[in-house]
Amino acid sequence: MFAEDKLHEECGVFGVYDRDRTLDCARLTYYALYALQHRGQETCGIVTCDGNDFACYKNAGLVPEVFNDFNLNRFTGHMAVGHVSCTGHEDSHKQNSQPLLTRYTGDTMAIANNGGLANHNKLINELAQNGAIFHSDTDAEIIAYLLGWERITNGRMESALSQVMCRLEGAYSLVIMTQDQLIAARDPYGIRPLCIGKIGGAWVFASETAALKAVGAEYQRDVEPGEIVVVSDEGLTSVRDHVGKFKPRPCIFEYIYFARPDSVVGGQSVYEARRLAGMILGRETGVDADIVIGVPDNGLCAAIGYSEASGIPYGIGIVKNRYVGRTFIQPTQLIRQRNVEIKLTAVESCVKGKRVVLVDDSIIRGTTSANLIRLLKEAGATEVHMRVSSPPFLWPCYFGTDIPNKHELAANNLSCDELRKKIGADSLGYLDVEDLKRIVPELDGYCDACFSGDYPRF
Amino acid sequence: MFAEDKLHEECGVFGVYDRDRTLDCARLTYYALYALQHRGQETCGIVTCDGNDFACYKNAGLVPEVFNDFNLNRFTGHMAVGHVSCTGHEDSHKQNSQPLLTRYTGDTMAIANNGGLANHNKLINELAQNGAIFHSDTDAEIIAYLLGWERITNGRMESALSQVMCRLEGAYSLVIMTQDQLIAARDPYGIRPLCIGKIGGAWVFASETAALKAVGAEYQRDVEPGEIVVVSDEGLTSVRDHVGKFKPRPCIFEYIYFARPDSVVGGQSVYEARRLAGMILGRETGVDADIVIGVPDNGLCAAIGYSEASGIPYGIGIVKNRYVGRTFIQPTQLIRQRNVEIKLTAVESCVKGKRVVLVDDSIIRGTTSANLIRLLKEAGATEVHMRVSSPPFLWPCYFGTDIPNKHELAANNLSCDELRKKIGADSLGYLDVEDLKRIVPELDGYCDACFSGDYPRF
Amino acid sequence: MFAEDKLHEECGVFGVYDRDRTLDCARLTYYALYALQHRGQETCGIVTCDGNDFACYKNAGLVPEVFNDFNLNRFTGHMAVGHVSCTGHEDSHKQNSQPLLTRYTGDTMAIANNGGLANHNKLINELAQNGAIFHSDTDAEIIAYLLGWERITNGRMESALSQVMCRLEGAYSLVIMTQDQLIAARDPYGIRPLCIGKIGGAWVFASETAALKAVGAEYQRDVEPGEIVVVSDEGLTSVRDHVGKFKPRPCIFEYIYFARPDSVVGGQSVYEARRLAGMILGRETGVDADIVIGVPDNGLCAAIGYSEASGIPYGIGIVKNRYVGRTFIQPTQLIRQRNVEIKLTAVESCVKGKRVVLVDDSIIRGTTSANLIRLLKEAGATEVHMRVSSPPFLWPCYFGTDIPNKHELAANNLSCDELRKKIGADSLGYLDVEDLKRIVPELDGYCDACFSGDYPRF
Amino acid sequence: MFAEDKLHEECGVFGVYDRDRTLDCARLTYYALYALQHRGQETCGIVTCDGNDFACYKNAGLVPEVFNDFNLNRFTGHMAVGHVSCTGHEDSHKQNSQPLLTRYTGDTMAIANNGGLANHNKLINELAQNGAIFHSDTDAEIIAYLLGWERITNGRMESALSQVMCRLEGAYSLVIMTQDQLIAARDPYGIRPLCIGKIGGAWVFASETAALKAVGAEYQRDVEPGEIVVVSDEGLTSVRDHVGKFKPRPCIFEYIYFARPDSVVGGQSVYEARRLAGMILGRETGVDADIVIGVPDNGLCAAIGYSEASGIPYGIGIVKNRYVGRTFIQPTQLIRQRNVEIKLTAVESCVKGKRVVLVDDSIIRGTTSANLIRLLKEAGATEVHMRVSSPPFLWPCYFGTDIPNKHELAANNLSCDELRKKIGADSLGYLDVEDLKRIVPELDGYCDACFSGDYPRF
């Protein structure tokens, strides 16, 4: 069995404001969360508002496990926010689930957030020193407190939010719902994505354009880094106090791994970025081989690019079992010794007797790579050349991903050749850090701190 | 079908501190909550602490629905608090479920509360004006905030709590768990019950003595009105700043309806109180009849007392289906016309051709009484004389019960004879308000505001 | 904790034929099964027929666990049969669940049965020798086979059934549904109950009259021992080939324990039978005591009778927790040592300092009695006199009850005084076998083989 | 939304006999069923035997939904059979679920079958005329009856089975477990697959080699058409009475759609067959285009082959949402109008401005194809050329697939050009029937009746 050896994005957010009161906003949100499920598989939730009352349902589980006709039918309202998350700490699933629904002086608000604050602990301490109590361990609760404070004296949510943003250091893509407004905001670096779409008279916000398509919304534009977008019955307005504060640095890993290939983030196609990464790899880490295969699902686009650039035929050498879900029963030790392989299997007729190029998006601990290479060799591959469509992962991320402890990162502890030996590959090649800019030609800048150590400064 | 026509107690609480670290505290709490299930059927929860980490699980549902071997096994620790509740508002089940687990400056605490604050809204507003945001609609969260504020400057939880109690007006029976203390406290009127028990070296707190018996604990004494009891590895200490502030006024309705008959509350047996109420009724509202029957389960003790005092034989004239639970499917209109009777049925051979005295603990809206009397007459009862083992219910309660809107109270809108006609009884008799003191001879005073309008003052 | 120490009835059956096509037959059956739930808690099922197609749903679990709005809505048809059962063997729950739906030459039938065939194994062997394969271990499947065989040459189901009944030795109360008939039949001894009711133009059959009341049906009469009753669009007809074959011997234990107190079986009120048993006990096993209490729920009626006859006051000395269900988590050894008592608890104020008469319906292994007596003494009872409202249980039953192995029956292994000592009672009294006839004055004869060894002969 | 528009294989089977008694046979079967889940998603079941007792659990649902640690732990034994199925009729899920466990004269057997008998109804009638009653609508029950009959006079299961096979006309791949034998058998045409593997001292049978790999078993050989393979403590023996009776005709659709690409069936790699089909299509239905894409998951291999043969680059133009499962809530009409697309989405940056070749394995009703082509055009594809890696589907299949009614088959009702228009393609090309033999070069013959109408004769 393959130990899970991937980074996790921590969240996906969605919001809808239907001026015309004709949409079933809860159900739209349900379909949008389905489309964002890859961004968080542990908890999900929906909050709706009809201009007066709020309804909330959230729980641990996948979207289709948590929601059903029965609980969806109980939602009403022309506004909704939704959230999927992957909190990492099993015990805290429910405590940390979002959207966070709170009452504060004079109103109620629901907050859904994607990101990570670098000054999380500092803010927690300051707030506690002023009497705050914390029900969760989320940035969303910190932001809710700061907004609550601000609103005591500040009549408008958007200007309160603008004030609060002065104190936040890190990544955040927020959707906030009050009784009469739906507000989206993004940190000045624009680290996590957030886009705007339209369905008839309704405005929607979503982490990825794939969620817009899922609900039949037309993409309008991204929320700009630092921008606050306010939707109400009066239409859409933009608060730009923080726009242009920093040169934008969207997360490069969204393109490499997190986002769906059918999404466009910051004007750059994710599919194209992966294909380009594969093509560059194919040109710069070329090797004599018979077939190029990708690790499903995220290595496939880069493998196709590699094949295209190198002229080596593309094949399906590894198959993923589509039915292995959250409730999969782990094999006992007795069974594990039999090399039971449920999740990923090699296609013998594709790789037997062949020199194989195996493309994956990243190596975290190296365990999955080692298992796959063993499988391929057992299936008759004569050589396996591992190619990684990103640079070595060397630095932790503080902006909303579930990074392993720094010393668990294989590339930190082993030389490239040591790692090659550990995973049993005949050669090992990475994308060069310098080449990252070539995979996102539409972007002006990006955050590659996990590869370069060059973090955004606040 | 019988519309649900009973008051609901809102909560039951439990806590255990095992100095010797030999008990399975989560499982003990599970059994205790089972024994307190009658005090709240909508949500339940357990929080444990091992002196360092807290584990929490709560959900909507009955104790056996929410907890199973799997989630019980994940708890560890030598301390636990548990809670059952009946929040009334279906949508807010989870938001309002307790124990409430929060972090504040420097520590973490879990709070389980039974009661109702008369100054709930006032405190909410004050706190919000100081920056508080509210995740729930519970008194527990208000108390957590006040404690959080207090602890910024106050090094000891028990003295912080003593300060906080100065601001609370109403009923509360609290169990609070921190990393090294288990604290129980009761409002100075002692409106809701809370008792102390011991299992070997472990101290336990529970809403009722029945929960002590359920876990094999020996009853020690009640937490006194206004008392704060602190348990830690140093043993049990008592903070008595608020003891004696008011003349105690425990809720009389605990004896009439809320508590289990096998509990002893404030030194007074609940079973005996109900039997005495029946005896007084029997003597003072006597009628020529052939058989005395009670409405299961809560009218049975009083019916026995009535039979004893009047000399009229006692019988089982109404049977309750033990399998009708929360998930019972309500009959469709088509079926309802057939007079489908699932929950309660009449025993024809007990009542046929007889003049029946029917004893129940209270009449709220009158719908259940009307249905039962119809059933009994259909089964051949020649007369049905309704006797109620409490006075007419006239005033709302602000201290932790789920009262219907004042104008839904039948006794408020109808004269006794009008109500008699509405329910179809041949005669209708109540316990006199003056007689209440005779059913709780062990008590020095009590709150009977729901019958008399004489509320405790703060 | 109390080990389960009761006999189990194995089944309850129900059927409805609505000539007018106006009833929701599946939902009616659902409510009827609720009312029969005490006759079987392990599996339940409903089959409906619209004159053409059959729909079937059955599963392990209580009626409210197995059925919900969703699966009830999928049933259609003007006929239905339902079944609750308690098969005893956990693994075989589903295999043995009824109604049994089978196709045979030319038609489909659904069979629901309550009873036990003494020649079960003989018939199995004969059928297997002729090519039968068995999916279950039920009499229903044997009967289905015999009917299938018979129908090859016999054009009418009722005459085929009459033929088949010649080969059946033992107890059976059958409801059989074909595409155009609903047929009820009872063995010539009439061992298990089966009654006929009417709702407007619809005929219903049920194991007990309580199920008639539950669906608003009016009791018409019992199916006679040996009778076959056929309902179709042509109305109700009776086939009486086997009526009068034997002198009827209905099971006496239905009155003592199995049936609901609000049922009337064979013209005899169950409530009255129990009360009479208590009265006889009170007169014949009199003892100087202060209070009479019953074991809930089945010992209560007899306790009331005992109190009435003896003049000793009746009280509620033992309380049953209404929330302990099938999914109750058993205490671990560690917890068991604490004498955790969840299911049944003593009411101290009722028994303290008193000489108690404890009435139960039967003693099987004696474990429950021993536990209860210990509880009562811990609660302060000075003496506990056990009274059993039936004779000592000495002989196995082959007619549809879940009897323990003969040597597990306490009364078989111990003298009355040894058993008294084992359970810790101060005295122990039984109903005399000869007195059984006095508790069912409306009956002409009955089967008391479990007490007397005098089995019906075939 | 896409209506489901695919054929369904009806079953997958698995069996294991562990001579050494060291394996956890139930868990192995669980992992094997996971690997066979694509062959049936509606019910699944496992039966184990320890040489004496049988344990059985089956239910409606996916393998991970039906089985969990709790029910798996209750299985014991050194033998097991498992089954996944897709019965098609929702109401009959449970009735038809397998393995079928029955007792017959002198023994018990469990049968798991994959296939379809052409003389199903004829055998049903014959058996019913001899007294059989049918609980299900499965071939497995017919075979169980025939075996039961045969075993009355025949001492050995394998020779009884050989006799029974004389009467079976159609496809069957059987695994039968008795108290001391595990028997596998395949119809003389070998229509459905069945292979043999080994894990240490244990023999296993499975529908596909992918299930062998999943449990760490080594592939030995296929069960030959007409062969009966018997495994017991004495080892493996082969009964070859029916081997060579017909020229084998394995189902060609296993290669095109049913089987997993990593399986080898009849010595022929499924992956290779699909790639070859794509290559032939690419050569013979060539078109001027910019990109080749496949419909996930089953059209991907052929699309790769098409790209390889045509030189047109391969891309990922359609993405499948991996989280859409059985419990997916269908959109309401209101939402459907918004063109909500959850299951499959187009990758705009892959297809925009391009002439696209879209490869799928088959067209049944044409609805999925029409939807996908619309999606691709909305995403900017300038042309969409549909290529199908099999011939037009014209004839029903009687051998274990879930075929729609003949007049629902698009190719039967429309000319190729009419169908092209209906689905909105710019051109439409199929694999030629004559080319089928070129995609399975390792095979000597096959059944292509669904394309050619040339059925195997019995």
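Going in written order, the chains are labelled A, B, C and D, and every chain counts its residues from 1.
Heads up, the rule we're going with is that a residue touches a chain if its C-beta (ideal position, glycine included) is under 8 Å from a C-beta of that chain, and two chains touch if they have at least 3 such contacts.
Every value quoted in this text rests on a predicted model; they were computed, and no experiment measured them.
Asker: Treat touching chains as neighbours: how many steps, at the fewest, connect chain A to chain D?
Answerer: The distance in steps between these two chains is 1.
Asker: Which chain maximises the distance between its CA centroid and that of chain B?
Answerer: Chain D.
Asker: Just curious, how far off is chain C from chain A if you go by their C-alpha centres, in Å?
Answerer: 59
Asker: I'd like the Å distance between the centres of chain B and chain C, where a centre is the mean of that chain's Cα atoms.
Answerer: 36
Asker: Between chain A and chain B, what's the gap in Å when you average each chain's C-alpha atoms?
Answerer: 47
Asker: Residues of chain A that contact two or more other chains, please.
Answerer: Counting only residues that touch two or more other chains, chain A contributes none.
Asker: Once the touch criterion is applied, which pairs of chains come out as touching?
Answerer: A-B, A-D, B-C, C-D
Asker: Please output the residues of chain D touching chain A within their complex, sorted ascending.
Answerer: Where chain D meets chain A, its residues are 22-24, 27-28, 30-31, 34-35, 37-38, 41, 62-65, 67-69, 72, 199, 210, 213-216, 260-262, 264, 269-272, 275, 297, 300-301, 304, 307-308, 313-316, 319, 321-325, 327-329, 331-332, 334-335, 338-342, 345-350.
Asker: For chain C, which residues are in contact with chain D within the complex?
Answerer: 55-56, 74, 91, 95, 100-106, 125, 128-135, 144-145, 148-149, 152
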